[in-house]
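Following this message is one structure expressed as structure tokens.
Chain lettering (A, B, C, D and E) follows the sequence in which the chains are written, and residue indices restart at 1 in each chain.
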Amino acid sequence: MTVGIEHYITVSILLFSLGLLGVIVRRNLLVIYMGLELMLNAANLALVAFSRFNNDLDGQVFVFFIITVAAAEVAVGLALIVALYRKRRTAHVEDLTLMKL
Amino acid sequence: MAQLPDILFYVFGFLTLACGFLVVLNPFSTNPVTSAMFLVLTIASLAGLFVLLHAFFLAAVQILVYAGAVMVLFLFVIMLLDLPAEEKRKVRTAWVILGVISVGGIVAISLRALAQSAPVSEQTPALEGSTIPLGRLLFTQYLLPFEIISLLLLVAMVGVILLSKKDLK
Amino acid sequence: MSTLTYIVGWPLLGALVLAFVPRTFRVVIRAVALAATFVTAVLALKVFVHFAGAPVSPAGFRFEQQSNWIPAIAISYHVGVDGLNVGLVLMGAVVAFAAACASWEIKDRHKEFYILLLLMTGGILGAFASLDLFLFYFFHELALVPTFIMIGVWGRGLQKNYATFQITLYLSLGALIALAGLILLYIQSGANTFDIPALTSYLRQTPMASRSQQLIFPLLLFGFGILVSLWPFHTWAPLGYGSAPTPTAMLHAGVIKKFGLYGLIRVALPMLPGAAQDWAATLSWLALGNLLYCGWVAMRQKDFNWLLGYSSVSHMGFVFLGIATLNIVGVTGAVLVMVAHGFLAALTFGLAGYIYQQTGTLELENLGGLLRRLPFIGTALVMAAFAGCGLPGFANFAGEVTVLFGAWKAFRLPTICAAWAALIVGAVYMLRAIRSLLQGPLPDKWSEVTDTPGLWRKLPFAVLLACLIAFGFFPRLLTDKIQPDAGRVVQAVKTDRTVVQSSPDGQPPSGLARN
Amino acid sequence: MNVSLLNHEWFVIALALVILLLDLWLPAKAKPRLGHVAALGIVLILVYSVFWVKAQPGQTLYAFGQMYALDPLALFFKRFFLVATLVVLVMSVEFAGSLESGVAEYYALVLFALAGMLFAASANHFALLFVSLELITVTFYILTSFQRARLTSLEAGVKYLVIGGLSTGFTVFGIALVYGISRKLDFGGLATASAQLTGNKLFLLGLLLVMVGLGFKIAAFPFQIWAPDVYQGAPSPTTAFLAVGSKAAGFALLLRVLFIAVPAVTLHWSKLLIMVSAVTILYGNVCALPQRNLKRLFGYSSIAHAGYMLLGVAALSATGQSAVLFYLTGYLFTVLGAFTVICLVMTQVEGEDITALGGLYQRAPLLAVTMTLAMVSLGGIPPLAGFFGKFLLFKAALARGASEPAYYWLVLIAIFGVIISLYYYFGVIRAIFWGKEPQLTPIRASTPVTISLYACALGMLLLGIFPNWLLNAASDAVKGLG
Amino acid sequence: MSIALIPWVVLFLPLAAAVLITLFTGKNRELSAGLSIFAVVAGFGLALLLTGVNHWQTSIETTTDWLSVGDLNVEFGLRIDSLSTLMLLIVTGVASVIHVYSWGYMKGDAGFSRFFACLSLFTFSMLGIVLANNFIQLFIFWELVGVSSYLLIGFWYQRAPAADAGKKAFLTNRIGDFGFLLGILTVWVNLGSLNFGVLAQKLGADPQALGATATIAALLIFCGAVGKSAQFPLHVWLPDAMEGPTPVSALIHAATMVAAGVYMLCRVFFLLNTTALSVIAWVGGLTALLAALIAVQQNDIKRILAYSTLSQLGYMVMGVGLYAPGPAMFHLTTHAFFKALLFLGAGSVILALHHEQDIWKMGGLRHRMPVTYWTFLVGTLALAGVLPLSGFYSKDALLGAAMEQHAYGLFILGVIVAVLTSFYMFRLVFVVFGAQKRSETAGHAHESPPVIVIPLRILAVFSIIGGVIGVENVLAAHFGSTRTLGLVGQVIAPFADAPIAASLGLLAAGVGFFGAYSLYRGAQSDPLPGRLSVMARWMRDRFYFDELYEATVIRLHDFLAAIAAWIDRWIIAGAAVRGVHGTTEIVGRLLREVQTGNIQTYAFLFALGVALVLLFMLK
């Protein structure tokens, strides 16, 4: 059986869900953040695959944007986590429940 | 009779997912460093898949930017904060189950959708993700988003400086 | 510009002026408020007197004015009066003046109070004068909101907060349901206008589908009904009036409450004739809920203001009954009762407010023998009580008896129960109140209670009583104006009567039951 | 290609850069005043926008291929964002004392976010949608956690970051699927392509995931979860900007995607939109009921208002769309007026409990009146903007009821929601007028803030009493929508 | 002055007086009284003038529209015919006398002006009933007399019994009015008019016009009379009404208002059919008997007279029921004179004894108050039906009517009542005026001033001659007979027409007198309770009607009210309104528990939301 677009998308979906699962079940902010990166990467994979099989480059350009944005987001996010850690000495989400209800 | 690219797809695909799984749920270690390392591996495997898809430039970018820059940033922060291994606290299995159920739902629906409406693909994909056409597209049709991305990076820069500056005031 | 515009405009202008008067100028503030309401009342009287001679539009309206407002969705500033609302405008203006006079009891934040009072006045008069569905609703809300604030800020009693919230939420609910009904009316009529005369005539030419009518009528009935404390949506009324400052209770119970009834007559009946017929029987029983049930509840009240609140709810039953008759006698009577009850409610709440001011309580058990200390207030209260239980000579009687005559033609049992409520139940609780408040020995603690010191403070009560008596003696002043337009409304309902066979005069069907 | 079509954006970016540069040379004491400079700049841009930029109803001008579209809808939103930013900037100046560092950067970031919104308003391509959305979101991460001495601010930032990242993930994945199936990323192409794809599950899945991202932006159920915490924790001007600007950007994109990119699909989505709208209204209002923290209250209330506006979207008609625009405009004046007051009050009183408003009427009548008007307007009571907005929304939804009775239920639920909301809005008013009076020092408001307060109050009244012009503008704006 | 104008003036003079007193002359007592007296005396004068000019002949009707809506046309019109003229004369005449008397009786009372204002209001209302030409107007004034009566009974409002009595009177009357109004509605719906003349014409043309509703309509209208004229079973208010000042009792609760029911029945006699009339007759008879029995065992001077009034009203109603409206009106006329006289006499006694009303604390007043005594005696004789006083003639006419209709049961009943009447009245006279004083105050009593005594004398004269001054002729003419008798004819008429009735009537008076004479002459306490035991107690306790009503009607209504109040408080305001409110609040509190503040939860809910949306759309 030849590997087609479905295979790539299946991998992409599974990777996406792994990332999502990470966000949901992990409690360390950094790991949660890694989960988010996984989700973005899953999207990247899907885009590249589609780009290939749709035979145009738009998808790849989009991936380029996503990677850049992800980098920017990571930078801001990590800075934020660091600032928080300095203040609160924790990266556990369960410790971040000042505001609720 | 499987061809080489197909075999490679299975190899990289498996690697991607397995490493991805270990990022998220490593049964042996909850240390963020481990997660980060497996994330690097995931990204690398993804780059492999990109190559299989003839997206050579992106594969390079993936390695350089992601594995190189972003993940280094992650590790740097982990080291900087000297984070201990994650939760010593009780793992709430109920929580995990709930999470798995909802995620599983999404996966199930997505896969079913995929199965029901398989995307039509060209039989002979001829696209080459090389630098020149990509660059041309980026600086013509996609010029505006590209410029906005630069703005975004500026914002991120300002933000990072503001958030991590040691002295207040 | 139409005189009506001035009638609506003066109080609003007064409110605006007051906003710029420093709060220390108490006398000026009061004078401005009184002047604005007085001028309004005089203008309303002028409209009332010149009604017959004024030029009439084809749709039957006088003193009309129509100007563009929101042309984008066919909403215009359109005011005018016909027989149905000319009395209400007059009543509203007079009661507003009386309420402004009675506002002497407000001691703190008087500036804000008068501003709100004037807003209320302008709003409700605008609502009565409006000939555009949107404007109609808009003005009413303008009048309603100050009520909430006034009860909240200047209210009294232990349940003040609960009362404020309940009345706010309850009445807003009613208003919004009615709004939904009005919007649907606009949409499903297909006339693409909010203009009441235009819409009415359009719907007479091309009546709405039965399904639409059945959808919209209940919305209007219960939306407006909540605003008028239709049983069983009435519990806000005694609670609210029990906690409201006197002028607010006067204006709300007297005037603003009539909005919903007016809406039913002006909008629901002529525009939704088929549904009106189907709902008439139900409405007549709900009206009994007001008349009889609330009358009974009133019998058990221990606080005079609560008693008045239930009594006011009970009286609304007459109007509902009159509307449910769908004949000219009943509808005319309903309008008559609306006007009469406006004066009466304002009067009773005003008097109760005075007594509260003097004694600090309205618990019936604590009071007694006050007539001796309060000859004027007491006498006025006795007269008001009798007007309340339908004594001839007061306007209420004319209205109630007309309603009963109309109702008798439409249905038997509800009318009998209504007559029982009117003659017996009403008298029981009113006389009981008089007995407990004014008669019997005077407890020592009330020996310092004093009657109204001057003419000025008697004025509001005197004016209201005078109106009650004037219309009681000469109801034709009103009925001659109301009748043609009530006829128009009834005609609109009747012409749609396709299922119910038209019956010869004097031998009506035994009830307008569902077919 | 006509680059001058993007003048709004260029000017705003230039202004932001100027502010950043001026920051380098200005003495620390003068830095807060930069906000006024920025505001002045916005005023000039607004003047430019109103007097020099014209857009014919139903006609669209494109730039950068089909990437960027300038049509009346875009222009409407651009002016909307400019006004919102103006008020937020003025507000920020008052708030500057509470920012530990980087006052000038704060202004610049607000302007960058504005640039993102301006781009979003014109987005006609998923790439532009994505980057402008990200520009807004990332900027807001920073704006939210700006008071990094306050733990709540940081916490809010983290929460916004994680949930925002999540929604970005969904959006991107959705875009990938949409692209994969339809082979199109530009809205024009998508509109034609999507007509054949209304039954394609994967395509619909992609679109729904894009909707998740937009739903997050406007805080619609079930993606509203972040709103209360972030609203509460963020600095007040940020919250205001979040409530108005970010939400409006979400709606601008929502309208564009639903009615320009995939109108054929949207036609089948009335059930979903009705459902989401109804639950959002109920959730926001019911949860706000026991709320005592003012900003958190606004968080819940903003969820509810997103629900009302979704009601207009759900109507799937031009009247519904224009009603959304009208409502948004009213909401702008109302919420910004309220937040200006909160800003001024909260800098003086510790804690954000409603009781902090006690005695406000004695301390600052103008603030009290503005706040009251805002509450009344949010409650949907005439003669204020909120009422007319709700009137239009209800009208639009009811108009569709004849063919789909679910709309009747939706309106009924909305009415119920309004009633509930009156309870807590009046609770605020009660605190203002007859709450306990913790202190009676008068609150001094600078001239610009006073002006902006008057403008907000006037805006609420004007839209309520003379809504015609805006109504016309709004219906012109939606002429190009499907 | 046009004749047609006269009744209008007569009607509105008292109203003007009432308004003027209320608004302006409240402080000036003499002026108030003067105004009031002038209004009624002038009315009497004008009524005489009207009679003189009109000679009972033509009927005049002047109307104006009061209310006109659709097919409901309510006139405000005055109808002058012989019936109303007669009643006009009685009302203004008796009222004039009593107004004057009141000046003396009420002297020194704090509410002097108020009293006259109310009295004038009453006169106005009563005249309105008399002159009304249609049902609604009649009903209007019907209600107004009810109110005036309420105000006057409760005149001393600070005394709880007075205030309660007023309330009771009004409410009981209202029950009657309830039926009355329904009757009016029935008549209107079926005949399309409210005007008496028009109605009479329509029924004359087609006696079956009312169809099946004829009886029910008639009985409903009779309800009004039952209330106003205090017939069984609504008679309970009248004795209590004696809490009012005595002139009020005389004018309202003896001479005029309570007679309005009878007047009304005569006015609408054309509406009443056979079935209804027999019911009416028996109700009247029963009332007469019951009241007479009760009167025998009362000890309060005014209550005795009140029950006597009830009894006599029963007579009149019975008369109407026996197709004898003329005799009924005749009795009404004579009764107005002698019952007013008796009440005023009683008032004189009460005043002399400083408001002592227990007859067993009186005694021996014959010598101390001679004028009062003699006039009271005249009244008693007239009431007992002793020849040739007025009472004899009118009562005989009623008994004769019973004979004529072959209603022997009612006839016997009438005779028994006559015996009882004579008995309790002479009992009263013997106990109050005979024997010795039984208390100190009785010993110090002395004759009342002229302003009180002169009215007594005037009324005494009319009580004597009232039977033979032509009243019967007028009535006969009105009700369709052409018989006119001269003075002598009138004197001997009873014996000429119905000798058995006349002689039995006289015999009854004699039996009653001797019974009273034997039992009460010189008695210090009532001997009857000992002899009649249980019966006497029942009579004294008024056959427990008040208690019965207390236990049934009032309790039932209170019960309904309590239930309604309970439902209102706990079900509607409580469960429904507060319930919705509370539930919403609770839901809010529960729902926001979702907002745990934990990012993990948020992420989970977010994902769950996505899953749900996808499930909803793509399932």
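The rule is simple: a contact is a pair of C-beta atoms (placed from the backbone, for glycine too) under 8 Å apart; a residue touches a chain by one contact, two chains touch by 3 or more.
Computed from a predicted model, the values in this text were never measured in an experiment.
Visitor: Following contacts chain by chain, what is the lowest number of steps it takes to reach chain E starting at chain D?
Guide: Minimum number of steps from chain D to chain E: 1.
Visitor: What chains do chain A and chain B have as common neighbours?
Guide: Chains that touch both chain A and chain B, as defined above, are D, E.
Visitor: Tell me which chain's centre, taken as the mean of its C-alpha atoms, is farthest from chain C.
Guide: B
Visitor: Looking at C-E and B-E, which pair shares more C-beta contacts?
Guide: Result of the comparison of C-E and B-E: C-E.
Visitor: What whole-number Å value describes the gap between the mean CA coordinates of chain A and chain D?
Guide: 26
Visitor: Approximately how many whole Å separate the CA-defined centres of chain A and chain C?
Guide: 64
Visitor: Express in whole angstrom the distance between the two chain centres, defined as the mean CA positions of chain B and chain D.
Guide: 31
Visitor: Roughly how many whole angstrom separate the Cα centroids of chain C and chain D?
Guide: That gives a centre separation of 42 Å.
Visitor: Would you please write down the residue numbers of chain C that are in contact with two or more other chains?
Guide: Those would be 169.
Visitor: Identify all positions of chain A at which a residue touches two or more other chains, and write them in rising order.
Guide: Residues 5, 9, 19-20, 23-25, 27, 29, 32-33, 49-50, 53-54, 56, 58, 61, 65, 69, 72-73, 76, 80-81, 83, 93-94, 96, 98-100 of chain A touch two or more partner chains.
Visitor: Check each residue of chain D and list the ones that touch at least two other chains.
Guide: Within chain D, the residues that touch at least two other chains are 127, 130-131, 134, 138, 141-142, 145, 148, 158-159, 162, 166, 170, 180, 201, 204-205, 228-229.
Visitor: Every pair of chains that touch: which are they?
Guide: Chain-chain contacts present: A-B, A-D, A-E, B-D, B-E, C-D, C-E, D-E.
Visitor: Show which residues of chain C lie in contact with chain E when the two form their complex.
Guide: Chain C reaches chain E through residues 166, 169-170, 232, 234-236, 239, 293-294, 296-297, 299-301, 327-329, 332-333, 369, 371-372, 379, 382, 386, 390-393, 397-398, 401-402, 404-406, 408-409, 415-416, 419-420, 423-425, 427-428, 431-432, 435, 438-442, 475-476, 479-480, 482-483, 486-487, 505-506, 508.
Visitor: Could you pull out which chain B residues touch chain E in their complex?
Guide: 95, 98-99, 102-103, 105-106, 109-110, 112-113
Visitor: Which stretch or stretches of chain B touch chain A in the complex?
Guide: 3, 5-6, 9-10, 13, 16-17, 20-21, 23-25, 30, 32, 35-36, 39, 42-43, 46, 49-50, 53-55, 57-58, 61-62, 65-66, 69-70, 73-74, 77-78, 80-81, 83, 86-87, 89, 95-96, 99-100, 102-104, 106-107, 110-111, 114, 118-119, 121-122, 125-127, 129, 133-134, 137-138, 142, 145-146, 149, 152-153, 155-157, 159-160, 163-164
Visitor: Which residues of chain D touch chain A once you look at their complex with the stated criterion?
Guide: It is residues 126-127, 130-131, 134, 138, 141-142, 145, 148, 151-152, 154-159, 161-162, 165-166, 168-170, 172-173, 175-177, 179-180, 183, 185, 228-229, 232-233, 296 of chain D that touch chain A.
Visitor: Please output the residues of chain D touching chain E within their complex, sorted ascending.
Guide: So the residues of chain D touching chain E come out as 158-159, 162-163, 166-167, 170, 201, 204-205, 208-209, 211-212, 216, 221-223, 225-226, 228-229, 269, 272, 275-276, 283, 286-291, 420.
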